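Encoded as C-alpha cells, here's the structure I'll be asking about.
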Amino acid sequence: MKTLIGIVALLLAWQIISLMIGATLILPTPYQTFEALIKLFGEVDTFSAILSTIWKSFLTLLLVMGIGIPIGVMMGSNDSLYEFIRPGVMVIQSVPIISWLALVIFLWGIGWRGPILISFLSLLPTAIFTSASGMKNVDKSLLEMAKVYNVSRKDVLKDVYLGSIMPFILATFEVSVGSVWKVMIMAEYLCGGSGIGVLISWARQYVDVPQIYALTFIAVIIGLSTERISRFYAKKAFKKWEFSL
Amino acid sequence: MKTLIGIVALLLAWQIISLMIGATLILPTPYQTFEALIKLFGEVDTFSAILSTIWKSFLTLLLVMGIGIPIGVMMGSNDSLYEFIRPGVMVIQSVPIISWLALVIFLWGIGWRGPILISFLSLLPTAIFTSASGMKNVDKSLLEMAKVYNVSRKDVLKDVYLGSIMPFILATFEVSVGSVWKVMIMAEYLCGGSGIGVLISWARQYVDVPQIYALTFIAVIIGLSTERISRFYAKKAFKKWEFSL
Amino acid sequence: TLINPLGPTTIPISPLMDGKVPTAFPINVELWKNPDEALALLNSDKVNFAVLPITAGAIFYTKGIKIQLLGVYEWKVFYLVASKNSSFEGWNSLIGKSVYTPNGRGQTVDVLMRYLMAKNGVAPDKEVKIEYAPPQEIVALFRSGKIEYAALPEPFVTLAISGGSGKIVLDFQKAWGKSMNLPERIPIAGLFVKKSFAKINSEITSEVENAFSSSVKWMNENLEGALELSKKYLKIPLDILKASMTRMNFTYVPISQCATEVSTFLKKIHQIYPKGMPILPDEGFYKP
Amino acid sequence: MGIFALKVQNLSKKFGKLSVIEGWSFDVKRGEKLTLFGPSGCGKTTFLRIVSGLEKPTFGEIQISSQKIGMVFQEPTLIPWKNVIDNLRFVRKNDEKIRNILKKMNLSSFETYFPSSLSGGMKQRVNLARALLINPDLLILDEPFFSLDLATKMEIMKDIKRVHEKIGFTLLMVTHDVKEAIYISDRIILLSPRPSRILKEFPISLKDEERDFSHSSFITLEGEFIKEILSRTSKI
Amino acid sequence: MGIFALKVQNLSKKFGKLSVIEGWSFDVKRGEKLTLFGPSGCGKTTFLRIVSGLEKPTFGEIQISSQKIGMVFQEPTLIPWKNVIDNLRFVRKNDEKIRNILKKMNLSSFETYFPSSLSGGMKQRVNLARALLINPDLLILDEPFFSLDLATKMEIMKDIKRVHEKIGFTLLMVTHDVKEAIYISDRIILLSPRPSRILKEFPISLKDEERDFSHSSFITLEGEFIKEILSRTSKI
C-alpha cells in the first residue's frame, strides 16, 4: 500500500520535473513515455528483448550468488585466503568496463555471454565482500560451543555460519536483485546481441527519448516486480531466521 | 604479504593471458602498459586528472555515507517509511545511467558535478539498503532494555542502533571505497570535464590501448591504496566494535 | 567477410547485402556498433575486409593491424550547427561560447574545428570552450535549446536541426577544402583489406572492391530503394535518413585516384594533434 | 491508586495457543517487597515484562503507578560494544554516582572492561548496578543473584535493603532460592506450573534481626515454605 | 594418565596484566565428581574453558584424558535460528535419544520452540540436555541449575547421578550453591578471590542415603562448609 503511494509520488515528481524542464527530449513526460510504451508493446521485438534480458539477468543472479557467496565464505573464514584473493576482487571492482570491453568482445563476441560476464563481474565483488564480512560477524561463543562438542566443519558451516551470514546474504540478494537490471541493460548496451539494452541503444541512435524512457520504464517495472517476488520467496525460505530476531 | 603474493599472481595471470591472446590492441602486456605508464607520468595533465578523480571520488564517498546511511537508518527504523521510500531507491538502482544522461548533463553540465551525481546515485542504493538491513538486525533485547530505562531516542540511535549497524556500515564502506573508482571513471567518461575517465575516453578515441590500460592501472592502484588507508582508519575509529566480537 | 559500421554508412552497402549487385561469390557482411567490436573482429581470422573511418584505419595500421586502404567512399559528413536564436558569422562569433562535439579529444571533427579556429585567429579552449559529450546527448540538449553550437557528424546533424530547432552554419568539408586548396571534401571512410589476405587473393580483393563500388553506385542511383533496403538494419526513421543523405556524399574513389588527398588529410591531422595520430602510416597503407 | 504501586486484576497472558498466565489478581503497596516464586516456565518473566510495558496482557487489567523502573533482566542484556562505565552511562549520565555504585559492586577496576571479558557474576553485578543507578521507584529483579557467591550476594542484598529503607522503592523479585526470597521480601506469591495460577500468598512477618540465615525463626519459616512447595508440586 | 581424567600442575592464567589463576595443582580421577567453589570472577569459568580447550594456560600444565566433553555453558549458547530439537541435533543426530532427554527435562512440548520463546530455565535445561546427549566421558557444568526451581533442580540432579552410576563420566562443576555442591560431588575445591589460589580441598564422604537436604549429616557438613567459606572471605 505504502509502496503504491511511493510509486504514485514518484510519477508525480516525474511529471512536475518534466514540466519544469519543459524539454521532452531531455525528460519526456510520463504521458509521452506511456504512448511510446504502447507503441513498443505493439512490436513483437519488444517481447523477445524483454525475455532475453530477463533470462540473462536471472542466470547472472544465479551465478553471482552461487559463486560469490562461497568465495566470500571462504575468504571470511581464512585470513590468509582473504588477503590473497582480495587484490583480484578489488581489481574486478575498480576496473571500469570500458577498459576491457574490447577484451570481452574479443573473447565472447557480441551476444549473450558478454553481457552476462560483465554484469556478473559487476555484481560479484559486492556479493563476495558482503558475505565475507558476514562470516567475520559470527557469534564467537557459538563457534566455541561447536568446538567443544566436536561438531564437524561441514555442520558448523551449514548451521552456525550460514545462519549468521543470512542477514548479510539477504542484503546482498536484495542489492543484487535491485541492480542486476541496470547493470545488465548497460552491458547489453555495450556488447549485447539482444535485450532491452540493445533496444535502448537503437533508440538512442536516433535520439528517440520517449522510447528510451519507455524501455527504461519496462526495466524498472520488471525490476520492482522481481524484487517483490524474490523477497517473498526469500522471506519464505529463510523464515526461521526471522524468528531469531 | 599475502596481498603482495596475490598482486604478483594477478600480474602473472595478466602476462599469460595477454601472451595467449597475442593481440596487444586487445590486451597489452604488463610491460607495454608499464611503458605507457612511464610516458603518462611525464605529462602534467596526468597528475591533474588523477587529482580531479581523487577529490571527486572522495566527495562522492562522503555524500554517499553522509546521505545514504541516515536514509537507510530512517528506512530501517520505520516500516511505513521503508515501503514508501523503497520504490524511489529501487528506481535509482535499476535505471541505467545512459537513460538519463541527457538529464544529468542538462542539470549539471559537463564538468565535475555530473560525474559526482552519477557516481553518487550509483553507490547510494547499496548504502541505503545495507544500513536499512543493519537496522533490522538490531538485538531486540537491547531495545527493550532501553525502553524500560526510558533512554532517549537519540541515545538509543547513537548507542544501540549505530553499534548494531556498524558491521553493515563497514561492509558498505568497504564496497563503496572499492567501487567508487570504477563508477567515477565511467561517469567521467560519459560526462566529465576532467579526470582519469576523460583521459581514457580520449585514449580510446585514438585507440591507444596500452594507455587505456595504464590509466586503468593507475585507477586500480589508487583504489587499492585508498582502500588500504581507509580500512586502517576505519578499523581505528571503530576499534571498540572489534572488542565486542 | 566484410565488416561495416552500423549507421548511415550501412545504406551504401545495403544493396550488396541484399544481393542487388551481382557478385561472383557470397560476401558476408557484419555490422558493428562500437569500435571495440571492430577491433575485436579485425583481430579474429574470419574478417578480411572492413569499412572503417580513414583515421581509425590509419591508427590501426600504425598499431600493427596490417590493413590496406582500397578506396575512399564517404566524403561529406561534418557540419557545425547553431540553435535557431544564435548566429554564426565566422569563428569570431563563438568567442565566449561553448561548442559541443562528440565523445572526446582527437575526434576528426574536433581536430578539424580546432585547426579552423586557430587558422581564423580564435584560440580554442581559451576563447571558445569545447565540451565533449555523447552525440545523442548533444542532440537532445541542442533540440531543447540548451546548447547553442555543436560540431556533429550526420545523421546527428539532421536529428539536431529537425523540427526547426537550428540550422547548419558551416560545412566543414567546404572550409577544409578552401583552406587546403583541395576539393571540398574530406576522406572520411573507406574500404580496407587485410594485407596478408590481399597478397594471396588479389582476384577476390578486386572482386570485392568492384562489388562494393557498384553497391555505392546502385545506392546513388536508387536512393529510395537503398533506404528501403537499409530499413531493416537501421532503426532510424526514413525521413531523417533521407534528409541526412542529402548532406552526405558517398562516391567510391579507388585509392589510386585519391591517395594524395588521403595522405594530405592524415598529415594535417597528425600535424594539428599529434597525440591523436602519433605516427603516420607508411606507403604500405595504400593499396598499390 | 493511592497507596498502591501495582494493581493486578484477573490478568491472563497467552502466547498463541500456549496459556501462560491465568487470572492473576493481587495488589502491591508502594514500598512493598514482593517475591514471585514458581516453577521454571510458569510465566514469571512474562509477568515482569508486562509490568515494565514490554508485553501486553491478553485479558485482564494491570495498573501501575511507577515512573522510574529499574530492571535486572534474567539475561544481563549489556551493550556488547560498550565498556562497563559506558553501559551505565547509557541509562544515566552521572559519573560520580556510577563510580559509587561500581565500588559497592566491587567492580571499580573493571570500569573499562567490555562485557565479553567479564565473568558471569560480574555481568550480573553490572546489570544490578544499572537498575540501582537510576534511583528507581519500582525495582524489578529477575533472578538477580545468579552467579554470585554467597558473600557477594549477602552484601548486595544488604545494600538493596539499605537503599530501600532510604528511598523506599517498590520491589518485585523473581527467584528460585527460598533463602533469598525470605530474606528480602515482605510477601511471597507462590505460583503453580503453567498455565499458572496463584497458589498461595505467604506474608513474611520477620523482624529485621530475624532476617539472618541462621536465626531460628528464619530457619523455621524456610522449612515450612519448602514443605509447602514440595507438597504442592508433586510433579514439576 | 592411568586412573586420572585430569592432571593440573602449577596452572596459571593471565589476561594481559590481570592475573586470574595462580598455580593451581590437583588431579581428578576418572569418574570423580569435583566441584569448584569460589567468589565471582575468580577464574572458574576460565579454568573450565582451559579444560575444554577454548583457552590456553599462561604457565603450567594440564593433561586431559577425555575424548567426549559435554559442557553446560554459563550462558546457554543456543543457536538462535534453530529450534530446540535442531539445536540438539547440531551436536548429535539421534532423534530417539533427543526425545528421550527432552522428556526427562520436561521439554517435550517445546521441541519446535526457538530459544527466544523459551524461559530462562528452559534454555538452561536445553543446555543441560545437549551436554548429556552426547554421552560424555567428561561433563563440565558451569552453574547448570541457574533459573531452575527446586523441584526441577532436584529431579535433574538425581538424573545426573543416575547416569553417572551407569556410564561413570568424570564431572567438573562450578556452582555458588553450597547444597548443590555437597549433594553432587565427591570433593569440593575452595578457591580464593582473584588472583586465585586453591584454599582448601574438601572431600565429601557422604553415603548415598545421607545425600538428602534434610539428613542431619548433610546439614552438619553444610554448616561446616559455610563457616569455612565465611571465615576465609572477610572481604569478597
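Just so it is clear, A, B, C, D and E label the chains in written order, and each chain counts residues from 1 on its own.
By our rule, a contact is a pair of C-beta atoms (placed from the backbone, for glycine too) under 8 Å apart; a residue touches a chain by one contact, two chains touch by 3 or more.
Please read all numbers here as calculations on a predicted model, not as lab measurements.
Novice: What is the touch distance from subunit A to subunit B, in steps?
Specialist: 1
Novice: Among the chain pairs here, which one is joined by the most contacts?
Specialist: A-B
Novice: Between subunit A and subunit C, tell me the centre distance in angstrom, where each centre is the average of that chain's C-alpha atoms.
Specialist: Roughly 38 Å separates the two chain centres.
Novice: Report the inter-chain centroid distance for subunit A and subunit E in whole angstrom, where each centroid is the mean of the CA atoms.
Specialist: Here the centre of subunit E sits 51 Å away from the centre of subunit A.
Novice: Could you put a whole-Å number on the gap between the CA centroids of subunit C and subunit E?
Specialist: The mean C-alpha positions of subunit C and subunit E differ by 87 Å.
Novice: Scan subunit D for residues touching two or more other chains and write them down.
Specialist: Those would be 75.
Novice: Can you list the subunit A residues in contact with two or more other chains?
Specialist: Within subunit A, the residues that touch at least two other chains are 21, 23, 25-26, 102, 106, 204, 209.
Novice: Taking each residue of subunit C in turn, which ones touch at least two of the other chains?
Specialist: Correct list: 39-40, 43, 136, 140-141, 144, 146.
Novice: Looking at the whole structure, which two-chain pairs count as touching?
Specialist: A-B, A-C, A-E, B-C, B-D, D-E
Novice: Across the complex, what residues on subunit D touch subunit B?
Specialist: Contact set of subunit D toward subunit B: 52-54, 68-71, 73, 75, 77, 79-83, 86, 90-91, 114-116, 130, 134.
Novice: Applying the document's contact rule, which stretches of subunit D touch subunit E when the two form their complex?
Specialist: 15, 38-41, 44-46, 74-75, 106, 117-122, 125, 142-143, 146-153, 155, 176-178, 226, 229-230, 233, 236
Novice: Can you tell me which positions in subunit B touch subunit D when the two form their complex?
Specialist: Checking each residue of subunit B against subunit D gives 141-142, 144-151, 155, 159-160, 163, 166, 240-241, 243-244.
Novice: With touch defined as at the start, can you tell me which subunit B residues reach subunit C in the complex?
Specialist: Contacts found on subunit B: 23-26, 101-102, 105-106, 110, 190-191, 193, 198, 201-202, 204-207, 209.
Novice: Which residues of subunit A touch subunit B in the complex?
Specialist: For subunit A paired with subunit B, touching residues are 1-3, 5-7, 9-10, 21, 23, 25-27, 80, 83-91, 93-100, 102-103, 106, 125-126, 129-130, 133, 136-137, 140, 167-168, 170-171, 174-175, 178-179, 181-182, 185-186, 189, 197, 200, 204, 209, 212-213, 215-216, 219-220, 223-224, 227, 245.
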